[in-house]
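Heads up, the next two complexes both have chain A, just with different partners, chain B and then chain C.
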Partner chain A sequence: MSYKYIVIGGSAGSFQIVTGILSALPKTFNLPIFLCLHRLKHIRTGFVEALSIKSKINVVEPCDKEFIRQGKAYLAPANYHMYFDLGNFVSLSTEPAVNHSRPSIDISFASAAFTYKSKLVGILLSGANRDGAMGMKEIKENGGLTIVQDPNDCQVKTMTTAALEATNIDHVLTSDKIIDFIVNLNRTK
Partner chain B sequence: MNRPIIGISELKSLILRIKTARNVDFSNYALSSLKRRVENFMLEYHLTEVDKLQLKLYKDDFFYNLFLKYILVDTTELFRDPEFWLELIEIVLKKFKHSEEYNILIPECNSGEELYTLLIILDRLNMLDNVKICLTSLSKLNVEKIETALIELKKMEVNEANFERFEKNGNIFDFFIKKGRSFKLKSDLFTNVEIIQHNFFNTELPGNYNLILYRNKTIYYNQLLKTKALKKLHSSLKTNGFIALGIKEKITYPGADNEFVTVSESERIYKKQY
Partner chain C sequence: MPVTPEDISKVIVTIKNYSSYDFSQYSKKSFTRRIEKVLIDYRLDIDKLINSIKNKPEFIEDLVRSITVNTTELFRDPRLWQTIRYRVLSKLASNRKINIWHAGSSTGQEVYSMLILLNEMGLLDQANVFASDINTDVLKKAKIGEYSYRFNLEYFENFDKVIKENPFKLDEFSEVPYEKYFDVNKLNDTIKVKDFIRKKPVWLKHDMVTEGNIFNTKFDLILCRNVLIYFDTDLQNRVINTFYQSLFRNGILLLGVHESIMGAITNNFIKSGLVYQKKK
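Up next is the complex of A and B:
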């Protein structure tokens, strides 16, 4: 299967894994990665900079209608939901919080699932609420590949456990194996 | 009941039916977020098929108004992005301090938070006497809601936190009166405010505005409708008038550089050049 898009969701305990993923990716990594991470809504700056420190690929907080390019990571901006529209661009929204979260992982996952279908890999990491579980279900139902961080490897396992209850997840991996999996996607593409 | 999932062809059929029946055109809205709001509305009203939704929207005026209120997105916070409001005061509002009269438009507004925030600021600056503010909304129910000036108690926590970032040691409750489980903005702030229901895209606007607040509106449009909206607003501004967009929106259509100059890159405040 040729996967062309990766969407990653995470909350408490996921930051280090995301920086681990970004630092392991080669400069030539050529899939777009969407990051929907729970964050403080009033802190507009600093997060993308922190993620960029060790990343060899470009990490951006997209503006609305920003075109999606290969080999770039797109971080959902604070206090906005992030959607993906047909035509391959990002659409933002200020709709109410979902699961007390804006950005909501469920919204980004469901939108990516609908738009990219079987070309999508959805990855859910450590977190302290149930956001992302229904999104993983939609990725699965649309033919995408679903991966959750092994709850025993999570700093907080509420989020990944909820996803495992919501749908039949394809792979349960430790953070190291998740990093290997993503790096290998570039080779097998 | 699970959230119904609708396809793009079903969504487009629904949009066409609404346009025919109600003369309101959603065909150039951003489809991804519109699709989710329609699905959530169907879930809330226990509708499993788009056909049934279409029929109810066609036949039932009250149901249509509920739909419109649900589909049009609210601003959910007072003082959203406190940095924006501080910049607006410095770059824009203080210029009007000694004007005989200045006009502000808040078009396509679906909740009162932007208006209430502006009124609180103008009150703080002693600038309410010479302002004329016009707020418009497509939804009749939203107009009625905004006119009540009520904010639910559960929303006040985030509003209070935003206000503290805007004005250290300030107390947002100074501007409100408690009414049951809500807070009502003091009515004397509304003296020079007009709130009207109209279809922004089908209605002529006067060209006399000094400032237009249009934050987080174009994110619900595709590029075509975004350009149409911004060009319409450009012609509604006075020369050297200002327009504010959301912090993740940009004016990007061809020729826009000649029409607008950026006065705040971070807060997306633009000035009309000619």
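Up next is the complex of A and C:
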């Protein structure tokens, strides 16, 4: 296996799982992780700090054209879409919301799928709208690995259910198993 | 429908040959997304699109309007506006004149936010405010200064943070009614900027990719937020150089909160937080 990039999407009910993932990762974790999480529009600051508290790896809200480094987590900044470009850098845009969301998970997933193809693992967590379903389909069609949180394990299951309807998902896992899976990606490298 | 990189190159070359616009240094990905959207909205394929560019000059203007992204909000990113208030404008207050350029002003909300802040700080009379955009439609909207009330409701919170509250003195609170600056009509779902603010700025069509400083003056403060993200690094640096040339000594450049200056031109500015100050 040679997965080199992880992209995680989540909305309502995903915050705890993301902090769980970040706190479980060792300092030596050597893949970049992209986080596209919906949040309340008026809460513009403090989110990256909240995620950082328990994380051993560095969590940043990247600037446009920021170079992607291993072992760092990149959180899509509030009110921007986050894309991934050839040449290994992030780009941002303020184009209109997609699925009422900016950042939109579909946009980040589709962009990562196009750029990283079979080197990508896409993970979709709990959430209350359908954002991310089309993105998972793109990841699957570009040869990436798709994982959704088991809808029965989700606080809100709309998002993962939509993804399961949209495409053939490789793994349906509980949040604990998702954490194990990501930690193991480090070791199998 | 999938658009190939060759299609995109053809579109860019055709626009360049048939107009004054040059998109060759736009971020390819973002430009491709916009073209894909245009093809859907206008129900065209690439060949028809290229034909329209060649044969209908008025279509090129429509196309440019569709390609450029127009995002602006009242007091977007209050943290930046607090910086503008307490670290930038406060230092310019003793100037006889304060020249400000909003590059890529879109539908005007950033410009009106600035004017409201200048007025609250008692600096409106000494300010010269210029606003420019490549897109004539948004310039027209900006001049009218009328927006959806409901849509802007959430931005009144930003207004409160910048205008009413003081981040350094938490017990200080100035009661500034929205009606001081806006005619609010909830029934029609409109807010309209009051004339004493609305008539103040000079609005100009300007293409920062092909034109330099067209204002016959230099500036104390230039704002260009969330425009450079659509350009490639070379073009970004060229435009930043235009801003550099257009600033007075010690003048300030403000970009979007997730944009930064990269490469050799960094040496021409002193960076402190979100503020870029021209050296020398």
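Keep this in mind: the second predicted complex is superposed on the first by the 188 of 189 C-alpha atoms of A that agree within 3 Å, B and C clash if a C-alpha of one lies under 4 Å from a C-alpha of the other, contacts with A are read in each partner's own complex, and residues count from 1 in each chain.
Heads up, the rule we're going with is that a contact is a pair of C-beta atoms (placed from the backbone, for glycine too) under 8 Å apart; a residue touches a chain by one contact, two chains touch by 3 or more.
It should be emphasised that the depicted structure is a prediction, and the values quoted were computed from it without experimental measurement.
Trainee: Given the alignment on chain A, is it a clash or a fit between chain B and chain C?
Mentor: After superposition on chain A, which the two structures share, chain B runs into chain C.
Trainee: Given the touch rule stated above, what does A:110 touch, chain B (first), chain C (second), both, or neither?
Mentor: First partner only, chain B.
Trainee: When the two structures are overlaid on chain A, which partner does A:176 contact: first (chain B), second (chain C), both, or neither?
Mentor: In the superposition, A:176 touches no partner, neither chain B nor chain C.
Trainee: In the overlaid three-chain picture, which partner chain does A:83 touch, first (chain B) or second (chain C), both, or neither?
Mentor: both
Trainee: In the superposed arrangement, does A:165 touch chain B (first), chain C (second), both or neither?
Mentor: In the superposition, A:165 touches no partner, neither chain B nor chain C.
Trainee: In the superposed model, which partner reaches more residues of chain A, chain B or chain C?
Mentor: B
Trainee: If you stack the two complexes on chain A, which partner ends up touching A:95: first (chain B), second (chain C), both, or neither?
Mentor: Touch status of A:95: both partners.
Trainee: Where on chain A do the contacts from chain B and from chain C line up?
Mentor: 42, 44, 61-65, 77, 79-80, 83, 85, 91-96, 111
Trainee: Which residues of chain B touch chain A in their complex?
Mentor: Answer in residue numbers: 5, 8, 30-33, 35-37, 73-76, 80-83, 161-162, 165, 216, 218-220, 222-223, 226, 246-250, 252.
Trainee: For the complex, which residues does chain C have touching chain A?
Mentor: 27, 29-30, 33, 69, 71, 76-79, 154, 157, 226, 228-230, 233, 236, 256-260, 262
Trainee: In the complex formed with chain C, which residues of chain A make contact?
Mentor: Those residues of chain A that touch chain C are 41-42, 44-45, 61-66, 77, 79-80, 83, 85, 91-96, 111.
Trainee: With touch defined as at the start, can you tell me which chain A residues reach chain B in the complex?
Mentor: It is residues 42, 44, 61-65, 77, 79-81, 83-86, 91-97, 107, 110-111, 114-115, 138 of chain A that touch chain B.
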